[in-house]
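What follows is a short report on a single structure.
We just call them A, B, C, D and E in the order they show up, numbering each chain from 1.
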Amino acid sequence: MIETLVVPLVKIAVLLVGILTAVAYLVLLERKVQAWVQVRLGPMRVGPHGLLQPVADVIKLIIKEDITPARADRWVYTLAPIIVLVPALVVFAVIPFGPETNVFGIRMPLHVADINVGLLYIVSIASLGIYGTILGGWASNSKYPLLASLRASAQLVSYEVAVTMTLVSMILMAGSLSMVEIVESQQARGLWFVFAQPLAFFIYFVGGLAETNRAPFDLPEAEQELTGGFHTEYSGIRFALFFLAEYANMIVIAAVATTLFFGGWLRPFPSVAALGLLDIVPGWIWFLLKTFVLLYVFLWVRATLPRYRYDQLMRLGWKVLIPLAIANVIVTAIAVVVL
Amino acid sequence: MTPITPAHYLVLSAALFSIGLIGVLVRRNLIVIFMSIELMLNAVNINLVAFSQQWQHVVGQVFALFVVAVAAAEAAIGLGIILAFYRNKETVNVDEITLMRW
Amino acid sequence: MTDPHPVTATRTPVQFDTDELVINMGPQHPSTHGVLRLILRLDGERVVDADVVIGYLHRGIEKLSESRDWTQIVLLTDRMDYVAAATNNLGYCETVEKLMGLEVPRRAQYIRTVLAELQRLASHLVWLGTHAMDIGAVTVFLYCLRERELVLDLFEEYCGARLTYNSRRVGGLPADLPVGWDRKVREFCDIVDQKIVDYEQLLTQNRIWLERTRDIGVISGADAIAMGFCGPPLRASGVMRDVRKDEPYAAYEEFAFDIPVGAAGDTYDRYLVRLEEFKQSTRIIRQALDGMPEGPVMGKVPRLIKPPAGETYHAIESPKGEIGFFIASDGKSLSPYRFRVRPPSFCNLQVLPKLVRGHLVADVVALIGTIDIVLGEVDR
Amino acid sequence: MTIAFYTLAAFILALGVLVVSTKNTVHAVLFLVANFLCVAMLYVLLQAEFLAVIQVLVYAGGIVVLYLFVVMLVNLKRGPETHVDPRRRDRMGLLIGGAVLAEFVAILLYGFAPRATGAAPAAAAPGVGNVEQVGWSLYVDYLVPFEVASILLLVAMIGAIVLAKKEP
Amino acid sequence: MADSYLPLIPLLPAAGALLNGVAGVRFFGKRAAAAVACSTMAAAFVLSVAAFVELLRRPADAREITVTVAAWVPPLALETARGIGTFAVDWALRLDPLSALMILVVSGIGFLIHVYSVAYMAAESDGAYARYFCYLNLFCFFMLTLVLGSNFLVMFVGWEGVGLCSYLLIGYWYEKKSASDAGKKAFIVNRIGDFGFMLGMFLVFYTFGTLDFRAVQDMAPAVAAAAGTGVLATICLLLFVGATGKSAQIPLYVWLPDAMEGPTPVSALIHAATMVTAGVYMVCRNAVLFSQAPDVMMVVALIGVLTALMAASIGLVQNDIKRVLAYSTVSQLGYMFLATGVGAFAAAAFHLMTHAFFKALLFLGSGSVIHGMGGEQDMRRMGALKRYLPVTYATMMVGMLAIAGVPPFSGFFSKDEILYRAFLGHKVIWVLAVITAGMTAFYMFRLVAMTFLGAYRGPAFPGADAHGGHPAHGHDDHAGHGHGAWHGPHESPRMMTVPLILLAAGAVVAGFVGIPAALGGANRIEHFLAPSFEPRGAVHAAATAPSDEAATSASHGEGSAAVERAAATAAPEGTHEAPHLSTAGELGLMAFSVVVALTGIAVGRRLYVQQPGAADRLAERVPLAYRTLLNKYWIDELYHATVVRGTLLLARVSWRFDALVVDGAVNGSGWTTRFSAWVSGLIDQYIVDGLVNGTGATLREASLGFRRMQTGLVQTYALLMMIGVFALVSAYLVLR
C-alpha cells in the first residue's frame, strides 16, 4: 500500500520541484550563455554572478500586475498557459532518470511510471501542448496574437509529425515503447542509438527546436516582427507560466533525446569494459549531464543562428525533415528485419 | 459495489450516443453538430472496447482503431466543407444552409 | 488624429479574402531604424501593398539654415544623417567652397578624406549590426557595435564629439590632427580588417542567412537607376556609379581603390558590396595616412563668409549613397537664400514599397535593413 | 476500479451535455477535448492502453485541433446567430433523442441478444502487452482493412487540401 | 385535159364562198357579192359541161377520170376483216357518167338559182345578202365535192358539208325562232342519218380494206362470195339509213317540210334539186353493192313507195304552197328510191335529173308568187293570179304537167320508166306507185288551181278590180321580205322570170334523153349511165354511137343545145330484172299511167275550178281523214312525243339517277367518314385523355403532399431518420 502510494507521490513531488528549479535556472543559463557569446557578461547584479536572477524574475512576474485584455474570453485566457505547462510537466513521469537504485534504502527505479506505451504517451501528451498556444492567441482577442498563435500551432503540428517519425524509427530499433526497455536495449546492444541513427537524432533535435519555438524557428515570438508573438497580451503570472512551459518543453526534448539517443542513464561507451571506472558516477548523474549538454546546444544555437522565415521554416519541416524521417523509418525497418 | 459489467459500459455509451444525437438534432451551429457526431462515434468506440474486453479478443480494439481513423478522415473533410461553405456564404448556421431543397 | 494616409480607402481590395489584414509597422517599431511608419496590407503572410509614411523626424533643417549664417549651418548638417555626420559636413563645406571658389589646402583634403572613410566604416558597422539582428543573428549586432566604439573614440579624440562632430569648416578644417592620431587609426584599420573576416565566417556562408537574403528584394540595374537608387544598393544592382570615382572630390583621385559591384541586386549582393567597402575604406585610409602632406589645414577664408550671388550643386559619396547639397545665395545676406539637400536615404527609401511587394512580412524587416536608411536624413 | 468508472462516466456524460449545450463554440471544443481525455482514461480502465493513447493522440491532439482552427477562422468576423428557421422542430428532436435512449436502455435491461451472458468473465490479465496484441491482430488478421483505411486517410487528406485551398 | 381543171369545179364555188364570207360581209355591196357568186357558179357550170363533153368523147368503157388532188389521211395500219389493211385516203375526185350527170345538174340549176336569188333576196341588207351568197356558194362547193368524191370519205365530207349548209340556209333568217328551230331540226335529223352512213363507211373499210368506190365495186362480187351477203346487207342497210336521213325518207323526212322556213331559192336548190338527191346518188354510186343484197333492195323499194304514198297523201290537204311542194319532193324521192329498190338505177338517176328541173321550176315559181304576193304563202289567200303573174303561171303550169307525168313532158318518161320497172319488180309496189302518181297529179293541179285560177282571195290592194273576192282580212306576211309598200300582186322582175323560163324548157326537154325503146327512143341516158352501175369488167353490148345527151338548155347555150334524139337501140341493159314485158305491154302500162295522171288532173279541176267550195265540202265529209292528212299523220307530234320527249326523259332520268345514286354514293361515303371521325374523336377525348390526365393529376397532388416534407433543413432529415430507427427498434422489441 505504502509502496504503491507514498513512493510515487514522493517521486512526483521530487520530480516537480526538480523540474521547476531546473527551468528557472535554465533561463538564467540562457541569458549567461548568450551574453558570453556576445562578448558581454549577462546578468551579474542579482546574487553572485547573477545566480539569484531567476528568483528575482519569478518574484517580479508574480508581483507584476496581471492584466486581462477587454472582451477577452476570461476562462480560456487563464486556462491557456496552464494547458501549455501541464503537458510539459506530465511528460516527465515516464522519463527514466536512472536504473534500479536504492534511495534511502528503498530499491526503486528512478522513474515515476513505466508504461508499455511510454513513448506514445510522451508524443500524445506533447501534442496537447498545441492547445495552449492556440487558445492563448485566441483569447487575447487581438489581431497580432491570433496570427502568431495560428502560425505557432501550424509550426508545432508540422514538426510534431517529423519528431514522431523519428521516434517510430527508434521504437523499431528498441523493439518496445517503454522508455526503460529502450534504455535497456541500448545497454544490451552496448551502443548508443545516436551512433546507430545519427540522422534520426539530427531530425529529432531540429524538430525539437522547432516544437519549442526556439532558435532558428522562433518566428512566432520574434520581437522584431509581430511584436512578441502570441503571448503579447499576457503579463504577470500567466506570462511566467508560458515562459516556464517553453523551457520545460526544452528540458523534455533534451531528456527524451538523452533517453532515446544517448542511452539514458548509461555511461558513455557502456559496453566497453575498459572504461569501468566511469561507473562510479551513478546513472542519473550521467542522465543529467547529457541533458545539460543538449540544453547547452539549444542555447548556443539560439545565440548564433539567424531566424528562418516562416514559409522557409514550414518548407524545411514538410519538404525536408518529414521525408527524411520517413525514409529513415523505412531504412531502419529494413535494417531491423535484415539484421 | 457490483463489479463493472459490460452492460454498464453499454448504458454509458447509449447515453453518450443519445446526447450526441440530441446535439445533432437540436443545435444550429454546424461545427457543434460535427462535434456531436464525434461524440456519437466515441460512444460506439466505448461499446467496441467494452465488448472486446468482455470477450477477451482484441478485434474490438482494432475495429475501434479503424473507427478512429474514419472519424479523423470524416472530420478533415467535414471541416474542409464547412470552411469552403463559410468562405462563400459567410455563415455556419445550419438553418441558412438550405440550398439542397426542392 | 485621423489617419493622414487612408491607405485602405484608396486601394480597392484586390480579392475578397477572409483574413486580409492591414498592419501598421508603426513609427516606434524595433527594426525601423528610427521613426519610419510602414502601412502593410497583407494577404495572409504575403505583402500585397505597402505605403511609407515619413515626416516624424522633420526638424526643418533647410528652413532653419535660411536664418543662420554659412558657418552655423555646418552644425545643422551634423544632425541630418546622425550615423555619418562627418560626410555631411564635408559635403556642405565643399559645396560652399565651390560656390565661393575657395582653395582648400591639400593636407585638409587628405584629413577630410580620412575622416570621410572612417565615417563610412562606422556607418556600415551600424548597418551590418542592425541588419543582422533584424534577421535574427543577435550576436553579430554586439560585435559590430564593439568595433564602432573604436571609431567613435577616434572621432572624439579629433573633434571632441562621438556623434555630432562639426568636424569641418568652410575652407578647411577646424584643427589639425592630434598627435599619434594616425597611429590609432592604423591600429583600428588592422582590427577592422581582422573583424571583417569574422563577420564573413559568421554570416556569408550561413545557410539560414543565405536563405533569408538570397533573392530577396531583387532590383535590376535599370530599375535601380529608374527608382533613384544610389550608393551601395545601386552598385549591388551592377551599376558602376561612385561619386568618389566619377567626380572625385577631396583627395580621392590620388588614392587607388576599386568599387565593389554586385550582380543580382538582391539583399545578399548589397550585403557583399558593403562588406567589400569595409576593405576598400581601410585601404584608402592607409594610403591617405601614408601620403599625408604637411601644411596648413585652413585655407584663406574671409572672416565673414558671404558667397557671391548664384547657386551651385555639389555631391559627394556618403556611406548611404550620393548626398548632394544645393545652395543659392543672393550675395547680400549672410545666410543662404536657399539651402537644399539631396539625401541618399530618402531616394533609397522610395524604392521600399516596390521592393516589399510580394514578399513576406519577415522579409520586410530584412529589406528595410538592406537599403540602410537613416530617418534623420530622410525627414531633414 | 468501480469508483473510477463511475466518476469517469459522470464526467463523460456531463462534458457531453456541456459540449451540446454551451453557447460559446470554443468552450464547446474545450469540453469536447476534456470529454475525449476522460474516454481515454476509460479505455485505460478497460485495459486498452494502446487505444487510449491513440485516442489522446488522434482525437484530442489532432481532430479537435482542427475543430479549434475552424472555429477560430469561422468566428473571426461572424455576427451572432440570428436566423432561426421556423420549420425547426427542436422539441421533436429532443423527444426522439430521449425515446431512442429509452429504447436502448430498454433493450439492455430486459436482456438483449438471446445469448446474454450476464456477468462479464474475469478480466484475465493477458500475458502479452495490449499493444502487442493489437499490433499482431492489426497486421495479421486485418491487414487489408488497414490498407484500405490508409487509402481512405490519403483520400481524405487530398480532399481536405482541395476544399480548403484558396482559389489561386 | 379534164383532170387538170376537174378539181376547179368544186373549188370555184368554194373560192366564191370564201370571198363573200370573208370580205363580202363587210366590204362588198349587193352587186359585188351577187357578181362574185354568180360568176363562180357560171364558171363551174362551164367547166362541168367541158368535162362532160370530154367524157363523152371517150369510149364507153373508158369513161372514167380520177384525179388525186392531194394526200389527205396518212397511211394508218388498221385491222380489217382480211388482216391489217392500210387506211389511206386521198382527196381524189372521179368523173364518170353518173357524176358527170350530177355535176351538170348541180352546177346548172345552181347557177340559175343564184341568178334568181339575186333578185329575190334584193330586199336583204348588204351583210346578210353577202352572207346568203356565201352560204349558197359553200353549199354548191360541198355538193360538187360529194358528187365528185371518188371514195366514201370525200363523199362524206361533202355529205356533212351540205347538211351544214342546209342548216345555215334554213336558219338564214335566224331572228325568226321557227327558222332557227327548223334549221336545228334539219341538222339533227341529218346527223342521225349521217351516223348510219358513218357506220356503213366503217363497215365498208372493215370488209373491203379500202374506201375507194371503184375498188369496192371491183371486190364486191368476190367479197360477197367469200364473206357471204350478210355483211354486204348490213353495209347497204346502214348506207341506206344515211340516205333516208339525207333524202328525207320515211323515218327521217320530218325535217324537210319545216325546212321551208328558209328562203324559197334555197328550198328550190337544196330541197328540190340537189341535197335531197344526194341519198339517191349515193345508192346509185353503190349500185353494185346494193345489187349484191337483194333483200336490202326490197327494203329500199318498200320504204320508197311507202314514203311516196304517205307524202302524197299529206300533200293533198296542205294549204301552204311551199309545204305542198315539200311533200311532193318527198314523194318523188320515194319514187327514186323505189326505182333503185327494183334495180332501175338508171331510171332513178333519170328521174332525179328530170325532177330537179321541174321541182326547181315549181319552187322558184312559188317563190315569185310569194314575192308577188308580198310574202303571202297561204294558197287560201291567193287565186286568180293568172292575170297578174302570167309568166309564172305559164312556167308553173309546165312544171305541174311535168311532175304529173303527162307526156311529152320529162316527168312522164322518167316516172313511167320507174313504174314499168316497178311493174316488173313487184305488182303490189306498182299499184301503190300508180296511186301515188294519181295523187301527185291531183295535188299539183290543186296547187296551180288555188294559186292561179279561181277567185282572188288575197288582201285588197289599190287597183284591185272587182273580180277580187272578198278581200281577206289583212294577213300581212310574216317576215317583211316584201320590198317597200306592197301594191298588190305583180309579176316578178326579169331576173326571176328568165330562170323560170329556162327551167321550164329544161323540164320539157329533159325527158327526151330517156325515151324508152318502146316508144322508139334510144333510152340514151340508160346506156350512158350503165358503166357506172356495173363492175368494171362487165362488158356489155357496145353502145352505139355516143349518145349525145340533150344538153340541158344552159341559159347561155340555149340555142346551141344539140337536141339529138338518138334512139339508142335499147339493148337489154345489163340490169338483170328477170321478166321482160313485150313492147305492147309496155305501151299499155304507159297509157294506163297517163290515164291515171289525167284523171288526177280532172278531179282537181272539178274540185277547185268548177266548184270552188267542193274541196271544203269533201273535207267535211271525211273530217277524220282530212285532219290526219292536214296534221301530217301527227308524225311530228309522234316523233316529238317519242324521240324528243324520250331523250328529255332519258336525260332527266339519268340526271336524277346521277344525282341520287352517284352523288348519293359519294356524299354518303363522305358523310360516313365524317360520322366515324366524330365518334372516334369523342372516344379519344373522353376515354383516352381522361385516363392520361387523371394519372397526371393524382401524381401531382401526391407529390405536393410530399414536398412539404423536404424543408431543406439537414436536421429535419436526421429527425426523420431517427424516427425510422425508433420505429424499427420498437418493432424489434415488440415482435421479439
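Criterion: contacts are C-beta pairs under 8 Å (C-beta built on N, C-alpha and C of every residue); 3 or more make two chains touch, one makes a residue touch a chain.
Because the structure is predicted, anything quoted here is derived from the model rather than measured.
The minimal number of chain-to-chain contact steps leading from chain A to chain B is 2.
Shared contacts of chain B and chain D, meaning chains that touch the two of them, come down to E. Each chain's centre was taken as the mean of its CA atoms, and the one lying most distant from chain B is E. Across the assembly, the mean Cα position most removed from that of chain C is the one of E. Taking the mean of each chain's C-alpha atoms, the chain closest to the overall C-alpha centroid is B. Of all chain pairs, the one linked by the largest number of contacting C-beta pairs is B-D.
Chain centres here are Cα means. That of chain B falls 128 Å from that of chain E. Per-chain CA centroids place chain C at a distance of 151 Å from chain E.
Centres computed as Cα averages put chain D at a distance of 133 Å from chain E. Note: centroid distance chain C to chain D, computed from Cα atoms, is 64 Å. Across the assembly, chain D contributes 50, 54, 62, 69, 73, 85, 88, 93, 96-97, 100, 104, 130 as residues in contact with two or more other chains. Touching of two or more other chains is recorded for no residue of chain A.
Multi-chain contact residues, meaning those touching two or more other chains, occur in chain B at positions 21, 25-26, 86, 95, 98. Against chain A, the residues of chain C that register as touching in their complex are 21, 23, 30-31, 45, 132-139, 141-143, 146, 202-203, 206, 208-209, 211-212, 360-363, 365. Chain contact summary for the complex, chain D toward chain A: residues 24, 26-27, 30, 33, 49-50, 52-54, 56-57, 60-62, 65, 68-69, 72, 129-131.
Across the complex, chain B meets chain E through its residues 21, 24-26, 33, 94-95, 97-102. Interface residues of chain B facing chain D in the complex, by the touch rule stated above, are 1-12, 14-23, 25-29, 31-32, 34-36, 38-39, 42, 45-46, 49-50, 52-54, 56, 58-59, 61-62, 64-66, 68-77, 79-84, 86, 90-93, 95-96, 98. Interface residues of chain D facing chain B in the complex, by the touch rule stated above, are 1-3, 5, 9, 12-13, 16-17, 19-20, 25, 28-29, 32, 35-36, 39, 42-43, 46-48, 50-51, 54-55, 58-59, 62-63, 66-67, 69-71, 73-74, 78, 81, 83-85, 88, 90, 93-94, 96-98, 100-101, 104-105, 108, 117-121, 123-124, 126, 130, 133-134, 136-138, 141-142, 145-146, 149, 152-153, 155-157, 159-164.
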